[in-house]
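After the structure tokens below, expect a handful of questions from me.
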């Protein structure tokens, strides 16, 4: 079911408090957009869910069970950078997950099993617009292409939770819209909960079911180390988007691609969840 | 205990070249076969290393000088017997001064030599002969392969070394031989020594060594085409040619007749020599470590006389094997 | 135009590159002529013609004693030792480096001792080596291994540890075990560094080889140099030194080409 | 939990790190006891008590002949040579590396010859060095310089050339001349690498020093080792080797601390 | 005056044609936004104007004179990355330009001269929101802070032409709006022509006087190497923005900062320049 529950989470690096008492329940199959100023701890938060970083205090539960203390195939990730293996070809990168999952010694399959995985990988690459680049190495791709490759690599594992850290920042608007459509489709098809960090509010409103804003409430220089960031806003998208069901959003998005003059519009309006976290809109950068 | 496989180490020096030649030309094989043993002969480029290897037990026999035999294996508790007295240096070691032919001029100079080697000993004997001592000069340790190059530098003005370096250096302008081993004949002796215990248990090994040596030595001194070829081969193996090698031989009193060697080891002069040597070593702190006299290590001579501590005899001269060779009883 | 922006074209580059070599040879020829004028028997800087003649003898005239061509016999002996030594070093450095690089437990146990051993001057250990391992090929190879392995192992451990932690985490999310992380993620990425590390250790390896051959051998490049050094036979030493240098340069170029061929991605990632 | 994620805590790490050293000492003690049981005068593996006694004599009892404390005299002599050698190497490597790294013209002229020289086995050149420079301190220092400089210079040239081209262009847009680019942009950025490069060359420098001292000297760590090798005094050789290793480790740590102090930014950029 | 004229510019890397016959005249004090898909040659184009890269064919004139073949203080740049000196503090980075310009030997000033430059630098740092970070090193800054530092560094030289390569991609919306305001003010105050590469059309419309889109007209895989990109669209912003004069734009922008729901709007509409380059809008991503 992949619901995530976060209870009184604190994260400190030495003296500096990064996250302060974050509590949050994320519904199964939610698509959460995480926004907030640079350096407020969004990446740190994702890392903790991933199991790469441990919490100073508090706990994280996945489907009611404490999260294992190390990353595993149930949680996929696309980082801000360093996200693909430079020594594997594009195809090799995408095949790596399924191959390693099924061949525990060599990490490689052969014959028909390999062909099956390769076909699946090629299909995924085509979806993210990387058809034709199968035999290139990541260093031969532009930044945006690498991010799409990382996405394809993570999606091949069909993780229960997918963590995305500013994944689409380097994409030009055309490809971005394609990838948005792909994300929405996969989110509908695969049983997964998505948490995505983004600086782009339009993207947040376009894709997510819920927007969470982190912010330090006290941010004067002398206070910075003593107070961490916490949830400043928690917005449910209205009308609600539900995984697996078509809504009116799709239509808006196709028009967006074609006419630059319409770029500013985004679908739907917002509504505060009224659970006490949400404050004035004006606080959202 | 008895055994059949033996290892012999030798290093490159005029008087020891026959060992390499014998190994290359089947002479070793022949004598080993005769006694039903095997002998593996290993060449060292580095003399000191060959002695060290022998001392720690990696080899059964090694070529060395009387002085180093006393200071390294014997002092290290390895009872060692001189199986063969191959030759003594009669000019192969020399004190060389630049721009002076008077030994006394060495006073106050820096003298380049291999410290604690026979060169050092030769220097000590040379200084004695003109009433000087080591305090009157300064010794600078210098590696033997680099002596020839070193002599060509301006700050080197006195040097003690051995052949082939001596003959190379004496061709250089300004080099004067002011004292050499022919002035102390019979004191710098080149030996083939073996571990006493091994030898006692395996007398055949000693006999084989004697057989190899005298057959090769005869060939070496033969005034025949074969002899010339052998000298040429040994010259080449030591990095020079036949003429160069023969020049070095002239400064060597080679015992190609076993009888001469027997006479040499049984003469009382050897005891005097060894007394000089052990006194020198004791002065340098290389013998009887921490002890108050050079007597700590006993030296046995043919016939059984012992110089020094009879309870700790570790260096022995014997005429057994050379006598067998002299008697044609091998 | 600023000097940093002045880019000489191909021909100028070639000529500039050759210039220092030409100057060196000229300096040699002048020095040699001057010394020979003073003392025609001078051995320190033999004339070029003497050098050529000696090279000819060494390379193309069979040795009277053994019938071998000395230069080639020596080269073969030395290169064989070098290949063994570097082969063993490379393999063990790879294993140690990989393990200490990715397993914190192994790092805790091995890193201090490897650091320490890498600081031991191997030449000083030479006598002990000879005693423990005998005088055959083993001890010469062992000297190379001892001199080269710790440094390569440290280098590889650093390379392995420098891989972004994100890659390891990524591999874990792709269901990799510790073994698969080592084998499929880290190993292939430190192999290019392995080759570079090997190239850097070529000089030291030759040094150790020469030192070992100087003590006991009956063939080898180092053996020959030390054998003839007693006679100051610079007509042999110079060609041998030049030959060793040339061999090193060739191996270096070969390895660097190999690296580019085998790991094309490592070039791009720069 | 995967092995890659098992992080031993401080105490365990310390104990794991000490373990190999303890094992080494134990192996020595056992080996030594075995040999001494066979021959009480054995010189190869002296007992720990003998070692301690010799160390005491070397370090704290004045030498009968000269009145010096041998260990300290040797250490001072060697470290002085090392400091001169490494000082000169570092300075010249910095200049050569900087110039070849940023000026294409200098690179064309110098890179090939520096590469070539870095491959020459310096030990083989010793006789020439001695003759040209005499047997004194100069030739020992020169051996270190010749052995170490080309490698450091190449390393620094690579470091300088590896600076992103964008930085040079950026400096040009900030009105920097070639000189200012070298002095204010490239030089400060390769200084940390200079220290690292120096650390890496510490081992080779000690090696060359020992080799030079073995050939001609009247004091020095290498001199002593090779002198006492003549009578297999392993009770001197072992402590000297350990002492050299310790000195190297200390210098290494010192340099790395210095680097962190002087160039805090270079740590962060990792 | 800083007008730029580009005549029949071609750029090839080996076999691959990157830019194909680009001709363009940029008016003095224009603010040109350069857009186009990833890998189409935008950065290459900037590099050629900078003098870092030479053209294969064609020429570039600055105020009617051929451009010097190497970069100089008349043209400033902010790169996508690698833009600041890691060994200088933040303050040192910003002072580097003026110091090197006036001290040709040491590259450093002392005493009063130094204080004057330092004051100016501090003021500039405050403008880009880096006050308080003067003594940090770049590695201690987040990506967005580094970009702002690079901008400050370039602006200190008051270049006649300022080249910006996706300078604001890493900024969160709040700071981004501040920097936009700063850019607009400086562009108004200093005599400079700005060329800015961006993937963000909204940004392009917000800041620029003219938008130029590069695109490869033939982009099938087998054609990619043989045909380069060229100008596909050339849009003048309407109503025209003029350096040094206040327009109605400012007002819109301040509102943008405060209410996330208004983010989609951008100021002004577009009008084709009708010079033959402009084609249908739909080609613009």
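Here the chain labels run A, B, C, D and E in written order, and each chain numbers its own residues starting at 1.
Operating definition for what follows: contacts are C-beta pairs under 8 Å (C-beta built on N, C-alpha and C of every residue); 3 or more make two chains touch, one makes a residue touch a chain.
None of the values given here were measured: they were computed from a predicted structure.
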Chain labels contacting chain C and also chain E: A, D
Top chain pair, ranked by number of contacting C-beta pairs: C-D
Farthest chain (mean CA position) relative to chain E: B
Whole-Å gap between the CA centroids of chain D and chain E: 49
Centroid spacing, where centroids are CA-atom means, of chain B and chain E in whole angstrom: 85
Rounded Å distance, chain A centre to chain E centre (Cα mean): 30
Multi-partner residues of chain C (each touching 2 or more other chains): 2, 44, 127, 131, 172, 177, 229, 232
Two or more partner chains touched - positions in chain B: 52, 56, 146, 149, 152
Two or more partner chains touched - positions in chain A: 70
Contact pairs between chains, per stated definition: A-C, A-D, A-E, B-C, B-D, C-D, C-E, D-E
Touching residues (chain side chain C, partner chain D) in the complex: 2-4, 6-8, 12-13, 16-21, 24, 44, 102-105, 108-113, 115-116, 118-125, 127-128, 131, 151, 168, 172, 177-178, 181, 202-204, 206-207, 210-211, 225, 229, 232, 234, 237, 240-241, 244-245, 248-249, 252
Parts of chain A lying in touch with chain D, wherever the complex brings them together: 69-70
Chain B contact footprint on chain D (complex, rising order): 39-44, 64, 126-128, 130-131, 133-136, 214-218, 223, 226-227, 229-232
Complex contact set, residues of chain E against chain D: 50, 52, 70-73, 75-77, 79, 81-87, 96-97, 100-101, 104-108, 137-140, 153-154, 157, 159
Chain A-touching residues of chain E, taken from the complex the two chains share: 35-39, 132, 142-145, 169-175, 199, 201-202, 221, 257-261, 263-266, 269-270, 281-282, 284-285
